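In structure tokens below, several structures.
Two complexes follow with chain A in common, the first pairing it with chain B and the second with chain C.
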Partner chain A sequence: MEQVKKVINNAIQQIQEQKSYPVANLRDDLRIIDDLGFSSLDIAQLIAYLEMELNVDPYANGALISSINTVESLYKLYQSCLDKRNSEVEDYE
Partner chain B sequence: MLIESIELTMSHVGLGHLNEYAMLVLFGNAHSHHLTLNTGILPNQIRDNQGLVLYPAYFMTHLTVPPNFNLADYKLWDKVSVGVDVTRFGETMLESCYLLGRDGEVLPEISQWSKEAYPYMKANSLIIVDVSEKNGEARKVSVPKAECFASLPKLKKAPEAILRSRNIRNNGFGIKSGNITMQEPLIYHVAKEQDAAAGHAMMFANFSKIMNWAEDVILSKRFRPGFSGNVLQFLSLLERETFFYGNCFAGETLEIYLNGAITECAPNYHGDSLQTISVALLTYQVEIYTQRNQNLLIIASVKKLLALPITLQDFIPDVQRIIKNLKYI
Partner chain C sequence: MSNLDWIIAKLQAIENEKFLIFKGEAYSYYHLVKSIERWRNRLKRLAVVEGECIAVIGDYSPNIIFLLLALLLNNNIVVPIGKESEEKRTEMFSVAKVNKYFEFNDEDNWTFCEGSPESKQPLLDELRAGHESGIVIFTSGTSGKSKAAILQTSKLIEKYKTARRKPFRTLIFLKLDHIGGINTLFSIMFNGGTIVTAQGRTPQTVCEAIQRYRVQLLPTTPTFLNMLIMSKAYDKYDLSSLQIITYGTEPMPESTLLTTHEVFPQVTLKQTYGLTELGIFSTKSRDSHSKWMKVGGQGTEIKIVDNILWVRSKAAMLGYLNAPSPFDKEGWYNTGDQVEVDGDGEYLKILGRKSEIINVGGEKVYPAEVESVLLEIPNIKDVLVSGKRNPITGQIVTATVVLQEPEDVNVLRKRIHDYCKNRLLPYKVPTLVVLSEKELVSERFKKIRS
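Let's look at the complex of A and B:
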């Protein structure tokens, strides 16, 4: 989970910096839209960054963008997607 | 990549010829067709996993038209080719490019497309939930179901338009006010059916129409002496880069702010044709807001060439004199 957290935090902070509003303390309970003020463009960018960095795409596998609420919900979503992919790789091997 | 062969009908150009608005609509249609290529569904059937209808909303369009390309040469019932290529960044962002030429002139390899010879547009869009279904809500990105969407190549780095969109919102285009400045905004009422379909957000191409309207009002009515309509009809678009930050519905009142300059240019700016004399370049930035809450809808930069047919050369001194003495009223 730590690796996923690091990548997600980094992606969020990158976008925040582009918007000229850096967040000093990114807490798990902060809401992406209501607390961080992410627009549709920011969310689209975040999803694309995470797909490139983590090489998984939860939304192509049925997850809904509307389910993104807090920073923590992002951690869990991507971690579960990575876990699923890893277990599929193990099954295959 | 998709190349469409299209007959210019009355629904495109009325009884006239190709214009910027009609060309943008052709590009938009080709884009939508590309998104459902080989899926067997229509563009209005693109849905996400919740069953919500999705559509691509441009957040940037950048259209360029070569100075020697005359849209008016493309008349009612002529056939044109429209090429479009779309790539995807992540699941909800698209990058697209477009080219228009006569039937058969758009080549199947993008590397062969000539921006110097034909109108070309680069654009970026977000796949969003159709706001007509949830009127008044902020736009939300969503991911189309795989079977509802064409398989598109993915970009490996973020489109430049993301950063540029933020920079333009922060700083504008940096176009300095020259001899065109405004003391108060122009007011525009978004008419139902004429500008926006009832219950639907305004289509991206309509903003170009509104910008052209504003430009015409300023040049012909807000300056005294103003430019004659006989002259202004020969203003042709060279470049329009538009960033979209919001949208509006019919019934909305808009405030339009425009600043820039009109300056004399070399008589052969348009190229070698001896039938035409280039007279002036018009460059401006435009910002459009909703009047009721001052929400920013777009910021755009526009560059146009005023080139008169040789038969109207008597108007050239008028234009040059007016440029030197522009006075806003």
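Let's look at the complex of A and C:
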């Protein structure tokens, strides 16, 4: 989980810096829209960055937008996606 | 005398109804009629005469609506313009031959200025000869330059002369420089509904306005519904007044439609379909969780050629002010939208457009426009802009960049963002910037767009 957290935090911070948003300490319970103040374009960017960095696209694999709300929900969704992918690789091997 | 004098009679008949709620203040239809009259007198004093092209610059506000209607009744050609860069605005003024313009600030105060005195143009002259008013709406063009569609007001609103549906309190989403915004204004006004404006476009501000003013109809986009679902703002507000949600301007993801239906089981979900070039026409969704719909209605005919939808509409534009007419000899317009037709040919499903246009949350982006801005940035040798699928906004703008000298990608991203924010509207600014080691031109000297 630590690795995923780091990548996600990094991506959030990059967007905040790029858009000159106030950068506060990231907490797990912060809501992406209401607390971080992310617009639809910002969230689209975050998802694109994560797809690039982690090489997974949870939404193309059936995850619903409604499953992400807080920063913590992002960690969980991407971690479970990575776990699933790893287990599939093992199965294949 | 105006061809549109029936409008005032229609509005007077409902003068006790509420027309608009703006920043907490309510305006009746009586107020609307009086304000249009006041603006018409003001236009006389300002020497705004019939046939002149008048730009109206600003966001949604009471005075902008009153002025827009006064100008139409005065047989003017109205050019609504939203927040645009100085450069873009100059281009729009020149294309639409703007003679004079009104500019509004956020407090709804206005200034009046002279533009260019000359405004000869065959389509504009055609309107003037017939003592007709018109509306100019800009749409994206392939070369990166916007195309200006000129619509004849009397044709656009003909159907409202007689037709009447139930009035709804409607939250305004689209602005008046979009055909959808003009459509919503007319549709609410001629049916005696109430326009409600929200203080911003976030899920929270929209839900707050719905709760406070008991909004019944929410015209919106799949991107906004995604944001609403993600934020769960619907849990915190009483949205029981909502009866209909309409969505359009971009393809609806199946999962967004199903989740919206789960969250709002009592609300009718209805897809809209429209194109600036074709004015206004009606659609009917098969049911709330279906993307199958009927397109057509009064004055609109459709045909499908090689799976592509063609439309012929009485409300269609006269043409472009700065491009050849896209209509064939019989007046048919090729929408470019691929469609699927159901068994008995009654309903159809829009599958999307086969083209390089990028649709970001309903806003159209042409790669050429973004590429030309990016090429002005130092250290960028070549760039290729394309669309990438995204679960929030449907698509995002991606730029693949070849550099002259090596540079850290994060520094480059920040530089691109800072440069573009003054030159391009936010949805056109590349969301994703990636570096390419390879040249971007294939052997046939055509850029490779994936």
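The working rule: the second predicted complex is superposed on the first by the 92 of 93 C-alpha atoms of A that agree within 3 Å, B and C clash if a C-alpha of one lies under 4 Å from a C-alpha of the other, contacts with A are read in each partner's own complex, and residues count from 1 in each chain.
What we mean here is this: a contact is a pair of C-beta atoms (placed from the backbone, for glycine too) under 8 Å apart; a residue touches a chain by one contact, two chains touch by 3 or more.
This structure is a prediction, so every number in the text was calculated from the model and none was measured.
The superposed arrangement places chain B and chain C in clashing positions on chain A. Of the two partner chains placed by superposition, chain B and chain C are both touched by A:Leu64. In the superposed pair of complexes, A:Glu17 makes contact with chain C only, with no contact to chain B.
Judged by the touch definition given at the top, the superposed model places A:Gln45 against both chain B and chain C. Looking at the shared chain after the overlay, A:Val7 reaches neither chain B nor chain C. With both structures placed on the common chain, the touch criterion links A:Asp34 to chain C but leaves chain B unconnected. Only one of the stretches 134-142, 188-196, 260-268 or 296-304 belonging to chain C overlaps chain B in the superposed arrangement, and that stretch is 134-142. In the superposition on chain A, the residues of chain A contacted by chain B and by chain C overlap at 18-19, 40-41, 43-45, 47-49, 52, 59-60, 64-66.
Residues of chain A that touch chain B in their complex: 18-20, 40-41, 43-45, 47-49, 51-52, 57, 59-60, 62, 64-66. The touching residues of chain A, when paired with chain C in their complex, are 14, 17-19, 31-34, 40-41, 43-45, 47-49, 52, 59-60, 64-66, 68-69. Across the complex, chain C meets chain A through its residues 202-204, 223-224, 226-227, 229-233, 255-256, 259, 360-361, 388-393, 396, 398, 410, 413-414, 417, 426-427, 431-432, 434. Note for the complex: chain B touches chain A at residues 48-50, 59, 89-93, 126, 128, 138-143, 146, 156, 158, 162-163, 165-166, 170.
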